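Okay, got some structures for you below.
Consider the two complexes below, in which subunit A is the common component and subunit B and subunit C are the respective partners.
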Partner chain A sequence: MSMMEFRSVCKDYRKKTALAGVSFSVAKGSIYGLLGRNGAGKTTLVNMAGNRDFPTSGEVMLDGENVRENDRALRRIYCSGAEELIPTYMRVKDVLSSMKYFYKDMDAEYGLKLCERFGLDPKKKLSQLSTGYRMIAKDIFALASGAEFIFMDEPTLGLDPNHRELLYKVILERFSDTEAAFVISTHQIDECAGLFERCLILKEGRLIADEDSDKLRRSAYVAEGKAADVDAFTAGREVLSRTAVGSLCSACVKGEPQNVPDSIEISQPTLQQLLIALTGGGE
Partner chain B sequence: MREFLKFGFKSREGLISYLAMFGVSLCGLFMVHMVLLGVLKYDGGGSETVHILIYEMLSPLFAAAALSITAGRMMRTATNGGTSRRSFLLGMGLLCPVFAVISTAMTEIAYLITYAIFSANGMRLSNIGFDYIDISSKLLLDPRVMTFDTAICLSLMLLMYTLSLIYMGVKSRFGGKAGFVAAGLLGLSYYFSLEDYDIGIFRKLLWYLEESSNDMILLFEYDPNYPLDVAAYTFPAYLMMFICTGAAFFLAAYLIYFLLARRAPVRGKV
Partner chain C sequence: MSANYPSFNDTEPLYIQIAQWLEDKIVTGQLRTDEQIPSTTELSQTLKINPATIRKGVSILVDKGLVYKKRGMGMYVAENANQNVRDDRRVKFYDDFIKPLLSEAQRLGISSEDIIEMLKGGTEK
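Showing the complex of A and B:
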């Protein structure tokens, strides 16, 4: 099974550390959620994967080969993101054709079919597209690339709910057809939660979770009730976040719920709730 | 690198895009010539040789601008397509001279067309190789003179490409403004070197240009006193001298570009 490994990847800018020793692996045949707050280092990580930027230290490996300046490895990886790397004077269909020079499994026909499904005119130039459609075009390029490892940074940016639903469906279809590894960085966490088999959570440049999505959600619970009851119940337990509204309180607690009093209501957190709890609450 | 070279030569974003941009600028220069022709005719211009070197002086500048734009786009597209910096930069090292040769050929064709139009109107359009000296105008279209002019044009093309390479290299590390400043300073230094000072490599080059042109006239006009064995040697030697001078500057700038862009991150607008 092909695998990409990020080994102690660090990226320092002049005044900021974007990534501080991030290590994880991405296996072909899985969909990963790359989650974290703004500035957590998600885009930097995607840029490292695609050789657009270089790590200060550490390395990104693909089947034992360093991807840095390695054409053979890089042609197996496709990264799409908000940055406009493709010249915007190009027409969508021309981008699909030009990608054939680099990706031998590029499926331009499939790309054109996707354009039809999304209602995107492939004859239009990227500069003529709205923000949402331009993002759709980039998503189509990624899906049609035929790469084995596809990194999609904010693929739903500017997409309406209908298009988002269609995109999730198409990603799943493509995944089942190609078994490529998808790493999706997004803030639409609850919408995408069903896609992710595994979650990678970044906080201030550090990887704080690399777990199976279901296991991650089961690793915590939400206790709700009157503030005094919740505080009494959570005393001595690891509280990830606490939100109070009036006299009511909700706390996300790590571990399994035990000895729950009747005054407390227990539920499973959504992935978004858990992410908020793990990455510093909603403040 | 093979994929990148294919992309550079065959795709719309590579050579075709460069040629389109450069072709448009040549058309612009052609129009300028036509306007000048009209003005000269209006002023009652006679059958004298017209000493304007617009094609030779400006087309390399336009070619350099077209190269900067094309290379910038190609780099981002190729990087998006999983091409390493090394492959891109080595590929550009091969593409640039080819672009320069094609641009030179296009410039010479534009010159010949313009020359024909000027001739039809009773005037002759000079070219750079023989602009410095008093040459019999019938020699302007001598194939050897044209070859000599082409070599100088190619040399200038490569020289102006250095501005693009320095711009792109500095831009990749320090941003677009720094790139403009660096290329501007280099351009200014070229300009001042070409000014009428008695020192500097360009002054030396101009001196060679004049000397070689004089030699060429002796050679082409079959001066009975000109030693034939020297003549046979002189022509290719002068050609090589100009091409190698341009190539040396180009290679130096390319090396700087390579070193600067080698580890620079590739970014696009957000």
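Showing the complex of A and C:
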């Protein structure tokens, strides 16, 4: 099975380290969630995957070949994000038909069908589209690209809930038809949680989790009770986050709950709660 | 999740909830013996859940002998599946329903006699 591998990828900008040695791999036939707070390095990572920017050190490999300036590898990878890389004076249908010059498996006809399903007029120029529809257009380009590795950086930005539902459905359709690897970065975590087979979590330029979604969610639990009881219970355990309300308290704790006293209630965090706990709490 | 289908809760792993949801369909007779259950692809796209998770859920039903595979056709509800789910749930009835009932009753100071009265009242309606 084809595989992309990120090997100790570092990226320094003048004042900031965006990625501090990130290593992981993504295989065809899986959907990955790329999660993390604003500024954690998600977009930088996607840019590295698509050769839009080069790592300061480390490399991105596709089936053993470095993707850097490597057209043969890059034809198999599609990256879409917030930046406007396609001239906005172009019409949607013209973008779809011209993409085949780079992406040999580009399916323009499928792209037009998607336009119809999303209610997007393909004769419109990108500049004439609303924020939401411009995002939808980019999502359609990614889905129709025929690439084997599709990186979508916040594909739901500006989409209404109905369009988001449709997008998730279409991603899953395309995934079952093509087995392409999808790497999707998003902040709509609870909505997308079911989509991801694996989650990659970035925090301040480092990868802090690369784990099966279900296992990840069960890697911690929430303990609730009177603050004194909770604190006594969590002493010596790894507390990821703690929230107090009056004399009560709730703590997200790593590991499995063991020897739980009656004064403590245990529940499972949602992926979103866990992510907030892992990436530094809500404040 | 889909507008017309349940959004699953967060307490149990998704694949277990999918298995339970399908079992519900069998117990209530929405899916009958030798009837085809929705395919992985259909379930995945409707519930907006990764196909690997769906397969994991369906495989629980396969392991329990509740559904069987027809080669190249899909999954079908096995004979006696309805009865088997019922038997299975009867066994777990105490843990799943009576235990939480009793612990809430204890918290509220409701006696066993009171509970029995309520149950009688409920069944006489």
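In this text, the second predicted complex is superposed on the first by the 283 of 283 C-alpha atoms of A that agree within 3 Å, B and C clash if a C-alpha of one lies under 4 Å from a C-alpha of the other, contacts with A are read in each partner's own complex, and residues count from 1 in each chain.
Here, a contact is a pair of C-beta atoms (placed from the backbone, for glycine too) under 8 Å apart; a residue touches a chain by one contact, two chains touch by 3 or more.
What you see is a predicted model; the values in this text were computed from it and never measured.
Peer 1: Go through the superposed model and pick first if A:Asn47 touches only subunit B, second if only subunit C, both, or neither.
Peer 2: The answer is first: A:Asn47 touches subunit B but not subunit C.
Peer 1: Could you say whether A:Ile264 touches subunit B, subunit C, both of them, or neither, answering first, second, both or neither?
Peer 2: In the superposed model, A:Ile264 contacts neither subunit B nor subunit C.
Peer 1: Touch check for A:Leu172: first (subunit B), second (subunit C), both, or neither?
Peer 2: In the superposition, A:Leu172 contacts subunit C only.
Peer 1: On subunit A, which partner touches more residues: subunit B or subunit C?
Peer 2: When the residues of subunit A touched by each partner are counted, B comes out ahead.
Peer 1: Could you look at A:Ile184 and tell me whether it touches subunit B, subunit C, both or neither (first, second, both, neither)?
Peer 2: In the superposition, A:Ile184 contacts neither subunit B nor subunit C.
Peer 1: What is the shared patch of subunit A, the residues that subunit B and subunit C both contact?
Peer 2: Shared contact residues on subunit A: none.
Peer 1: Please give the residue numbers of subunit B that touch subunit A in the complex, ascending.
Peer 2: 1, 3-4, 6-7, 10-13, 73, 76-87, 263, 265-270
Peer 1: Please give the residue numbers of subunit A that touch subunit C in the complex, ascending.
Peer 2: So the residues of subunit A in touch with subunit C come to 30-31, 165, 168-169, 172-173, 175-176, 193-197, 213-214, 217-218, 267-270.
Peer 1: For the complex, which residues does subunit A have touching subunit B?
Peer 2: Contacts found on subunit A: 47, 50-54, 69-71, 74-79, 82-87, 90, 94, 97-99, 101-103, 147.
Peer 1: Can you list the subunit C residues touching subunit A in their complex?
Peer 2: By the definition above, subunit C touches subunit A via 1-3, 8, 10-15, 41, 44-53.
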